[in-house]
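A, B, C, D and E are the chain letters, set down in written order, and residue numbers restart from 1 in every chain.
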Amino acid sequence: MLGLWRKIRRTGRVAEAAPPRPDGERPEAARRLGGSVQVRHVDAGSCNGCEVEIGSAFGPVYDAERYGARLVASPRHADALLVTGPVTRNMAEPLRRTFEAVPQPRLVVAVGDCARNCGVFAGAYGVVGPVSEVVRVDVEVAGCPPRPEAIVEALRKLTGR
Amino acid sequence: MTDTGYVQALYLACGVLLLTAVVILWRRELAVIIRVFALQGAALAALAAITAAHQGSAELWAVAAGIAALRAGVLPWLLRRALVESGQAARETQPLVNVAASLLAAAALTMLAYAVSQPLVALAPSPATQAVPVGVAVVLIGLFVLVTRRRALSQLVGFLLMDNGITTVAFLTTEGVGLIVEVGVWLDVLLVVLVLQILTTRMRAAFGGTDLDDLRGLRDT
Amino acid sequence: MQALLVVAVAPLLVGLMRQIRARLEGRAGAGVAQPWRDLRKLLRKERIAPRGTSEVFRAAPLVLVATTLVVAVVAPFVTTASAIDPVADLFAVVALLALGTVALALAGLDTGTAFGGMGASREMTIIALVEPTMLVAIVALSVRAGSTNLATIVSSTLHDPARLVSPASLLAAAALVVVIVAETGRLPVDNPSTHLELSMVHEAMVLEYAGPDLALIELASAMRLTVFLGLLANLFLPWGIATTATPLALLLGVLALLVKIALLGAVLAAGEVFLAKLRLFRVPELLAGSFVLALLAVAASFFLA
Amino acid sequence: MTELLITAPIALPVVAAAVYAAVGWRRTTAWVSAGSAALVLAAAITLALDTMRGGPGEAVGGLLRVDALSAFMLIVIGAVGLLAAVATPDYLRGEMLTGAASMRTATRHSVLVQLFLAAMALAVLAANLGVLWVAIEATTVVTAFLVGQRRTRAAVEAAWKYVVICSAGIALALLGVILLNYAAAHTAGHPGLDLALLALSAADLDPDVTRMATALLLVGFGTKAGLVPLHAWLPDAHGQAPAPVSALMSGVLLSVAFYAILRVKLIADAALGTGFARALLVAMALASLLLAASLLLAQRDYKRMLAYSSIEHMGLVALGAAIGSRLALAAVLLHVLGHGLAKAVLFLGAGRMLQVTGTSSIAGVRGLAAHQPVLSGCVGFGVLALIGLPPFSLFASELGIARAGFASSLGWATAAAFLLVLIIAAALVGHTSRMLLGGPAVDGPGAATSPRPLPVSMGAALIGGLLGAAVLGVTAGPLAELLSHATSILTGSTP
Amino acid sequence: MNLAATGLVVAAALGGLSAVVALVVPTRPRPVLVGLGTAASGAAAVTAGVAATGGQSFAVSLPELLPLFGVSLELDALGGLFVAVTGGVAVVAGIFGMSYSRHGIGGRSVQSVFPLFVVVMLLVPVAASVGTFLVCWELMALTSLLLVAAEHRQRPEVASAVRWYAVMTHLGLVSVLFGLLVFAARAGGDSFDALRRADLSPGVAGVVFVLTLLGFASKAGILPLHAWLPRAHPEAPSHVSALMSAAMVNLGVYGIARVGGDLLGGGPAWWWLLVLGLGAVSAVYGILQAAMSADLKRLLGYSTTENMGLVLVGLGAAGLFASSGQRVLAGLALAAALLHVINHASFKSLLFLAAGSVLHGTGTRDLDALGGLRRGMPVTTAAFGVGALAASALPPGTAFVSEWLLLQALVHGVAVPGLATAIVMPVAVAVVALTAGLAVATFVKAFGVGFLAKPRSAGAQQATESPATMLVGMAFAGAACVVLALEPAMVLPALARVGGVVFGSLESAVGGEVTLRLEGVAGVLSPLLLALALLAAVVVTVAAVRAPGVRAARREARLWDCGGGPMSARMEYTATSFAEPLQRVFDDVVQPELDVDVDHHEESAYLVRAVEYRRRVADRVERRLYEPVLAVAWRWGEAGRGLANGSVHRYLGYGFYTLCGLLIVLVVLR
């Protein structure tokens, strides 16, 4: 325990200084959330590259939480869905249901190229299409996988902080 | 009858009673047993007669006659008839306790009878009461026959042996228990023997024999 | 008034604790007021009635908040002069809080989902084990004061502070801390920020709630935490509490309370950093330990009195 | 008048027997036996009233005597006899249906039953111990063929065992009678074997001889009363006898034999002090209870079960007699009556069960209540009565025995006895509930038989017996005074 | 004739009349008439009981009844309390039975026994002599036995329950009988007055107390003689279960209070420690078994064991305090115990009636097959909810008040000098607390799994609400629960008077009208204020949530099934799975039997075709105590058969050897 305490003391703060608030269009719904966004992550068929980056975005270095975003376990608690990967056939209906489960106002963030336009999986037999073909998408994050900064930036668009 | 003669006759009769009881225990042929039983009946009748002679009582003479008729006549006759009817197996099969042991047991029972009868003698010491233990011994031996003998007929004899013993005690102690009771007792004994005889017949019809070991249908084990 | 204070402070306390944890983990943290922002947002959101749920599901958050509110009103946080003294019994307070838990468990079962049932089952297991510890600890405390009335206990402690360092008091305090951790669903009994349904206890029951209902539940759990810490603070460190109704004393009482709660919260948050969640079936061992502590406390209060 | 009344209970059945012997059993004469039993009961009640008003009465030159105790026993004989007689026609018809009996059998049955009743009446009315012995031995003779009525192997076997064991046992009693006579002959009063005189001059009897006589009498009459050690004829005979006969044997015969023990005990207590007879009776009682418990626990035959239960109840009665206080003896007498009624109902019911299901094995009867509700109800309540539940009078009498036991020096024996009674009750309930409760059997012996409704008169007998026991348990009414008188006779005090 | 006498006579007469009516009227109107008669009889009994607790008394002697003994009756405050409670339960059970009895138990016999059962239960606390008491006690056993057997054709378990019940109740009777008869023998009299005057040596008094305690505890379902209760109560028709569980078991408590307190006049501390210990063990064990049980009525039955255990804890504590001269605390503990008796009667009758309604509506009482009843049976659900709240000792429920009183008594008892109290009281508090906690879990399970969520079987799916009279019966019981929960002060003066009967003059322990104020020790509680505060808080919260800016409308959405689905009832938590964590925690105590059968494919042991999982929580006491006894009895029976092996020689031999032995003894002793 003491060792852990010493390590905490030695390490200090790891979070990088917050970059300036991103500008650009904020979705209408995001305005009504008032600086608090709970996020439910949906893996619609991803190769898990994006998941690793989402993990880093919520890790100590990028610390997305400081902007008022938090990962939650249930879509009922969520304001936004963080969808990764191309939507596979098996995941199309669950994705739609997850979306339905989120109370209004609700937002969808498509994370990664696959979510935006199927990326390398475009046209594959098991793929229905990009996220936007299944549910309405409010914010897109490009990259394969997207950089954590990009994800944080998208989240900041939602929280407005 | 002189007193000495009375006493000797009395003891002789009692001796025969006990002896016949032991012989019944000893022998296996049912026919012999029945004959010995008849002898015992006669001895009993003699005992009654001796007492009657000693007391000079007409009532007792009548009783003695009754005993002679019943125990030396009717009952042995009934038994013999039953034996003849059965036709087969005129011997007692191996008893539950073998003969040697039976005789030893008879000795022990006689000792017990003597021991037990001490107060009976002590109550009114007289030649007659001195002989009471013989009666008690015959009762016990009769019961022993009932417990150990396997033939229906020998059990019957055992029962009658007990009865003879009891009658002996009755005579030796109080010269009978009153005529009505006496007659009632005889009647009962006679009826019991009749009943048992009929049952023996039925048993033979139902079981094909009179071995009491066959009577094991009713049990809880 | 006390209730308003608790309502206002509770989310801040949670925010403070999260902030402290974030700092200790090397993160920046979302700020102390973030829970309030969350609540504001949730209140504005849509209400959802999951199919197949009943009035029990809908009423549970209300009951949960209401029970906590009543406790907040009657317990001596700021002043020992309670508004409704006949309710301010320690047994009653414990039972009220349990009632809230029960309402939530029923709501979890009412949804008919596997998670709801699982959460309810686990929560009930824990509460069944927490209850005896709590009550025995109360006995340990009340033996000194000769009453289970909260105000009486607090004022008697004020009059005789030497008792606080008695073994009975320390043991009872230790037991109560464990119990409070279990009751409020903190580490190591339950991880309030878990995302894995299979490891959830409290969270599993509320998976179906959304919007204002969820807000009530979050608020209530924050309040419960505050109330428990407040109780702990005033039962063992009653200094500063107002014994008269003068404004100055009251102000002092409020300040003292805030400081005590903040300190306790900070300690709790710091402690959590060092702990991992226990396996569910190790929890009874922990609770049994605290039960023994409480029992020892009673014994000590008798033999060492 | 009294003379006539005293002889009536003996004479009436004899007359009835003569009628049967002459006319045979047929539709017109079927109810003669019931009439004779009813008249016996009526005579018994009248005698009871007489004795309570005017004290004991005598007849036939002092050979018969009636006092409150005899009157009470006569009432038991009359009541149970009436129950059995009412159920008999239906029972015999049932037997004829199955071919187990013919008109001749029925005739013989009726003659013998009437003689049986007469013998028992004689036993309780006898003023002389010798006559009493003769009457009791006579019951063995008349019932022997009743037990063997079916002529099956089992029936013959049971009859043989019955006669041999009972005769051997009762012969011991005869020896006892003779020794008592001997002792009596050497007292100042020369009482002979007259019961009343013996009791009066008992103090003069030679103790050693009397002790031996008492032991023999208790063991001997205990044989007929179904007490250990010579109890073993009882389950066989009761199991094989026709139901009405079992009812009479179990309900009355045992009690009549026990009546003899009570009379003997009265004399023995006066001669020897209470200790000797008490010790013997307690030993016999506890042994009987232990035996009944041992054999009831895993019993497989319901008629034998009832028979062992009779041994149990005789054991309890013996315990009560051993305790010997007023309360205990009153309870003993009440128990005798209550047990008579309940056991008669049960044996009659068991006979009917045998006719309906064709088996007397407990395992062979299942879910009887589903197709024979009235019969099952009667049997069920009968068993409840037997284990001593209120409102049946056995509750009151068992309670009385227990109370008296704890108040006496026999507290531990009482406790042991009632623990055994508890075990027996458990066994009885277990066996009975297995037979009666449950749904209608889908297959097996119970289902094969077509439901046959319970004949009216038999039903009347069953329900009447139960009601009688129940009413008696609620209030003894006028019987209470009779009980008090009878108890006074047994304790040698004035009421 | 005062009110107590009139009420009692009327109650008995009405009950008897109903029994007769049941025998003569045709099937159709029978249950209604019997139900009305029973309810009226109950109402009269309540009047009599209340009058008696109010100070009226009534005594009558009927020497003509019960041969050899005579009957004598006397109604005092202690008896009055139990008469009133029994009457109250009879009212609701009677009303409920009017339509409940139509199915399968409308027969003559059952219907006529039912009112008789009520009448004899009313007579037990009125009996004033040993004979009367025992006859009433045993009549109660008989009538209830017949009622338990009522449905024997429908279910094979009934016969087994009947057997257990008959044997155990007889065992209890024998124990009580021994005790009371020894008592009566030493006192030299049969009447309770004579017993009161008796001067027993401590040893004898102890024997009497222990013997009667065993018997009475068995009736109250206390360990280790409880085994009949979880069998008989579930198998009886539900309104009978209510009567048995809410009224009959109380008479066990009555017996202990009457004999131990009133007749024996208190006694040494160890008696009451024994009572307390038995109560504590039963409370914990009962609720643990209830928590494991998946059968609704069995659960309620075990809960009865638990509650009677709590009552005995109170009674034992009261006796303990009384024996050490703490009259205030004794009064408090006794008031707690008696109040709990009343409360338990109210909520347990409600719960059993609701369970009966469920059985009526769904045909099953297996919690694992229930669920989702709130839609089909809203009133029943509400009723069970009220009952469950009351039973789980949470405010604002009834049991909370009495357990609070009990805890207060125990807490203040810690301060009483004496080593025994110092050790016993904290443990007792812990026991009560553990019981309360487990009770919460149990009733959350019963209510949540049984009534909420989705139906788990077709029966539960098609459940429809019960007929009006059943609902009215439940409503009465529910109203009693609510009133007792909010205004317990109402019954307290009566309890004080009852306490006076049990332990001699006790000071009134609890006072106050709205607020319960303990006299002599510090402690206040106001259930009414608490409920009002709770209500106010709910109103405030609702108002706050309805504030502008908050959406009012609700959108219906499918359940969150992780996007998969559809969710079926098979995925739900069942009662068994709900109890699983608790079962693991108390593994060592309950010792469940676990069977896991894994069925492999032929090709490989790693390919599993099916897994079968069975768990059975057997009654451990039963396994450790009863099974060996039964085995011994069985062996005894088997061995005993050898005594009758059919050999006539052996039979004669018994006589021969005995005779020889006897003669030898005569020779030796001469």
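Points to keep in mind about this one:
Here is the rule we go by: a contact is a pair of C-beta atoms (placed from the backbone, for glycine too) under 8 Å apart; a residue touches a chain by one contact, two chains touch by 3 or more.
Since this is a predicted model, take the numbers as computed values, not measurements.
Separation of chain B from chain E in touch steps, taking the shortest path, is 1. Taking the definition of touch as given, a chain qualifies here only if it contacts chain B and chain D alike; those chains are E. Of all chain pairs in this entry, the one linked by the most C-beta contacts is C-E. With centres defined by CA atoms alone, the chain at the far end from chain B is A. For the pair chain A and chain B, the distance between C-alpha centroids works out to 116 Å. Averaged C-alpha coordinates give centres for chain B and chain C that are 99 Å from one another. Work out the mean CA point of chain A and of chain C, and you get 33 Å between them. Taking each chain's centre as the mean of its C-alpha atoms, chain C lies 35 Å from chain E. Counting only residues that touch two or more partner chains, chain E has 555, 557-558, 560-561, 640-641, 643-644, 648, 652, 655, 659, 663, 666, 670. For chain B, the set of residues touching two or more other chains reads 116, 119, 143, 146, 155, 212, 215, 217-218, 220. For chain C, residues that reach two or more other chains under the stated contact definition are 44-48, 207-208, 211. Pairs of chains in mutual contact: A-C, A-E, B-D, B-E, C-E, D-E. Looking at the complex, you find that chain B touches chain E at residues 96, 109, 112, 115-116, 118-119, 140, 143-144, 146-148, 150, 155, 212-213, 215-221. Residues 291, 371-372, 374-375, 392-395, 400, 404, 407-408, 410-412, 414-415, 422-423, 426-427, 429-434, 436-438, 440-441, 444-445, 447-449, 452-454, 515-516, 521-526, 529-530, 533-534, 537-538, 540-542, 545, 549-561, 567, 569, 571-573, 577-582, 584-585 of chain E touch chain C in their complex. Interface of chain D with chain E (complex): residues 160-161, 164-165, 168-169, 172, 208, 211-212, 215, 219, 223, 228-233, 235, 291, 293-299, 327, 330-331, 334, 367, 369-370, 377, 384, 387, 389-391, 393, 395-397, 399-400, 402-403, 405-407, 411, 415, 418-419, 421-423, 425-427, 429-430, 433-434, 437-440, 472-477, 479-480, 483.
In the complex of the two chains, the chain B residues touching chain D come out as 116, 119-120, 122-124, 136, 139, 143, 146, 152, 155, 158-159, 162-163, 165-166, 169-170, 173-174, 177-178, 180-181, 184-185, 187-188, 191-192, 195-196, 198-199, 202-203, 206-207, 212, 215, 217-218, 220. Residues of chain C touching chain A in their complex: 22-31, 34, 37-38, 40-41, 44-48, 194-197, 200, 203, 207-211, 214, 273-274.
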